[in-house]
Amino acid sequence: MKRYDLIVVGAGPSGLSAAIEAARCGMSVAVFDENAKPGGQLFKQIHKFFGSKEHQAKIRGFKIGETLLAEADEAGVEVFLNATVAGIYLDKEVLVQIGAAMEHFKADTIIIATGAAENMITFDGWTLPGVIGAGAAQTMMNLYGIKPGQRVLMLGSGNVGLVVSFQLMQAGCEVVALVDAAPKVGGYGVHAAKIARCGVPFYLSHTITKAEGSDCVSGVEISQVDEDFIPIPGTQKHFDVDTICLAVGLSPMSQLLKMAGCNMVDDPRRGGQVPQVDENGETSIPGLFAAGDVSGIEEASSAMIKGRMSGLAAAAYLGFLNEQDKDNRLADLEVALDSLHQGMFAPGSKGKTFAKTDEGIAVSQSLLKKGYLDDADIERFIHRPDQTIKNSGIHPVIECTQNIPCNPCQDACTRGCIKVGKTITALPRIDAANSCTGCGMCIASCSGQAIFLVDEDYAPGYASITLPYEFLPRPQKGELGTALSRSGQPLGHAEIIDVRNAKAFDQTTLVTIKVPVEQAMTARFYQPKTNAAGQSGKKEIRQ
Amino acid sequence: MNRISEHPILGETEKGQLVTFFMDDKMMEGYAGEPIAVALKAAGLMVHRYTHKAHEPRGIFCAIGRCTDCVMIVDGVPNIRTCITPLVAGMKVQTQDGVTALEVNK
Amino acid sequence: MSKYNDVIIIGGGIIGNATAYYLAKKGLSVTVLEASKDIGIGGSSRNGGGVRQSGRDTRELPLAMWGIKNLWPGLSEELGVDVEYTQKGNLRLGKTAAHQKILQGLTDKAVSCGLDVRMINGDEIRAINPYLSDEVTCASWCPTDGHANPLTATLGYYKKARELGVRFITESPCFELRKIKGVIRQVVTPDAIYEADKVLVAAGFDSRKILATVGIDVPMMPLKMECLVTEAEPPMFLQMLGTADADFYGHQSKHGSFVFGGSSGFEHLNKDNGSPISSSIGASCTCRGIIKYFPALADAKIVRAWAGWLDDCADHVPVISPVEEVPGLYIACAFSGHGFGIAPAVGYNVAEMIADGHSTIDLSALRYDRFKPKQ
Amino acid sequence: MKSINDRSQDIGPFVSQTDDAIIICRCEEITKGEIRQAIHDGMFTVNEIRRYLRAGMGLCQGQTCGKLVKNLIARELNVIPDQLDPATSRSPMRPVEMKVLGNEEVSHV
């Protein structure tokens, strides 16, 4: 029987990372993935990643996927696609469906990296065509170039719900509302702000009570919920939609581990049924590892590090790596993982409420309730004691108000205007002593699209605002449109005075608008006359 | 109208050859190699099947081959997960009714 | 909460549940102790659902015939749960002269016990089941055989017994049986000691180690068997099927799915990790067996495969017996892979044995002390 | 921690709820009301619910409804969901045609 030193199940971020490390140690490695395309969720993640350089921050998920595939190829990893693992049996035997045959393989070590499956919630009509998982929406738009629908309601304000809402608009769909039963936004505030300024209304403490339609979705009814998440009669609101998108969390897809006989535990903090593992992902069965979401829901950056750790541990298990090298390399990875596991969204912070940031600033309640910062928040975060901000000449304004692990803005500014420091969850700080040249690298490097360049002295009575723009059609210089506030409200006319596309910006267009100077700190988005972001017409109808 | 002609980040989607296939005896077009469900979605078709017990409509739900809601009869074989089954020129796709084909002429 | 009962049953499988139900109907207080977390987790929920008389040993045939006549037809109504009993006959299929010989032997024995079973040829077989391949040349045909749903039958007895006041305690494995003053009295579990005048051991293969605590042995070994089930298919046929070669057995359920068991020839050698895990070869082998007989099922999709342990007796026939040397102790185990079809009859007759001291069907041929070495 | 091992424990009467008609198991079309009734019939585990009602036994093998069923049981029995085991994991992990499953190839070195 064909035997590999390592068989990896799942060619996502974690599985590929594991395979690469193991193969680089000299192991023969096969990766099986049931999908036609490798990369797992990476190829559906078209946003720029958070973290720092070592976590491949500011690089878009699908590009990280391309890099991983190239590295795997170079390291000699055999990746089998359309290869569905039917089961894992005794003696580390793996039965795989490849095309029209079932093939038996053996391995000396196995790493299960099957990822996660979407959770679902039920409501009247949830089985109607048009009710889909957020993952389904991502797959349709980002892998196959098809719109999931024209008018979409998103349920779930975690990072998946927020990111997919933005992606829906990028694909040309209209997002009519973002709904969550929780009383506050679950995901990163910067992700929420990105969609709020496009005009998407947030309905927190609301849930879907009915999907309407006979053969497919034609509308949706939401209701406010009480503290026990029970819908309150009389609070129903109706939206005409053709698609309802559910983003209500993920569960580890751990069935293979269970079948293989690993000790399993039910751990709500890790997302459900997960294997008992040591710090390198080794299960109760020696030589059988679990890496990535399958052993606890996190995000792709952590999954990649955990995959590398399991790959190295598997190499050490079979003597391809000596103990000292293993310890050294694992220690480095642990530091990298630790730096991601800090701040308000760290796995250990689940369920906690933060009143203040690490810097001692009261967090924005508006961001948590409506998805955008209000004027008082801006005052508090911009004019805070630890940063000096100019109000003349071009300078960055950073609207990053939560402690999340991310620091590319610091590296992006060659002038030293932006400081994050060693702890990457610290809020970026502006040092006005150094002069901004307006290069825009900070804007393009900010995965949360939370940096703007403002020049209050652009012209008498007018300010210029440079903002990140990732929609089509890209605005043209000289074009006239509408300036939108952080909540997506029209503020008045805006003229495009500059449009910059550079390779270094990586598909983020830097659009500079001219607005009356009093809007310098309120205008944060641009809406063309013939709208691209899919949100056209809606505001006119709604107001 | 459901196809994204150009995407701000991804540019143009790579597509296979434009082919024809049959959907309940109606001729349709799609790109070879894309999932059957994608070709149907592009044409605006939402209902893939009707359930056995309650005769309720179902369509795409997970789009990754897991939930089995999007199954249809493909070339005579029922319960084919259309979201992960590549489109081939000349394929015969039928709306599933329970575990058999829906009578479309009725 | 009283730990005393008239009867304690060790084992929450279909035998234990059915006996509990019939005892409760007679007004006895009963507690059922189940070792695992789930009711009916052993062979009761892992078998192919056959409700057959044909192919059985003559010692258990009367029980099978009585149950099919008296209990199965009304069981769904009695339990208030659809047990999907379908009495449309059993075909035991053969392809070769050797198969013909095996089938003929079984048929002759059953006929001598008064069962309506006969040999039929290829054309007759395909008149009954047109999906069978031309390779099938002979079969035994018993029109009064059939099949049922082992899951709902097992849980149906549980539900009904529970309604009648039977206590079921899960995660309560029996460590030890204890006699007090010469008679059976106590059942020791990790959490409690239960007391009763009478104890029935119906714990499948585990019965052997439980019985050993009072010095009783039933000569049986665990044997791992594998089954699989397909997606729902349009209705094709209603008979229960088996083969002379034992490549597979099974039926199409009311749901439309096909439930098949099969053998790879390695059952007695299979290893496990403490739970009955499927082997890497079992389901594939069964599929090949099925396709040879039913080419039309080649495209049917398998959605689930599982394995289970048989309590395979030295002579492949169950032990259903009082144990006079340990007064108050009763045994119903070692069903050797064909207990489901006779389970209602076993439950009914064992309940009589326990409550009344005698049963409708003479079970003396199934005694625990029947095993004799070579002379 | 409250035990579910005593199957005679009082879990209160079955009281119908307004959303009992909602489908929980999409494949086998099993409703919330049916599952709740089954719990009151004594089915206290995910495996028992599966076997009694076929919830989670359809084409997708409970991949969508597994967690929903578990939460329903937990709520009805007033225990925390983590206390309940999910259904047993079985091969094959995805539906596979008999002719494919039977077409074994032992890969050679």
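In this document, chain identifiers A, B, C and D correspond to the written order of the chains, with residue numbering beginning at 1 in each.
Note that in this section a residue touches a chain if its C-beta (ideal position, glycine included) is under 8 Å from a C-beta of that chain, and two chains touch if they have at least 3 such contacts.
Everything numeric here is computed off the predicted structure, so don't read it as measured data.
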item: Chain pair showing more contacts of the two, B-D and B-C; value: B-D
item: Chain centroid nearest the full-protein CA centroid; value: D
item: Distance between the centres, which are taken as Cα means, of chain D and chain B, whole angstrom; value: 29
item: Averaged-CA centre spacing for the pair chain C and chain B, given as whole angstrom; value: 44
item: Length of the line joining the C-alpha centres of chain C and chain D, rounded to whole Å; value: 24
item: Whole-Å separation of chain centres (CA-atom averages), chain A against chain C; value: 53
item: Multi-partner residues of chain C (each touching 2 or more other chains); value: 231-232, 278, 284, 299, 301
item: Multi-chain contact sites of chain B, meaning residues that touch two or more partners; value: 52, 56, 58, 61-62, 65-66, 69, 79
item: Chain A: positions in contact with at least two other chains; value: 34, 87, 95, 102, 104, 117, 127, 259
item: Contact footprint of chain D on chain A as seen in their complex; value: 1-3, 34, 84-87, 95, 97, 100-105, 117, 119-120, 122-124, 126-127, 251, 255-256, 258-259, 266-268, 272-273
item: Sites on chain A touched by chain B in the complex; value: 34-36, 46, 60, 62, 117-118, 127-133, 135-137, 139-142, 144-148, 170-172, 215-216, 470-472, 474, 507
item: Complex contact set, residues of chain C against chain D; value: 37-41, 45, 81, 151-152, 154-155, 158-159, 162, 165, 167-172, 230-232, 255, 278, 281, 283-285, 287-288, 290-291, 297-306
item: Contacting residues of chain B [partner chain C, same complex]; value: 52, 77-79, 98-100
item: Chain B-touching residues of chain D, taken from the complex the two chains share; value: 26-27, 29, 58-60, 63-64, 94-95
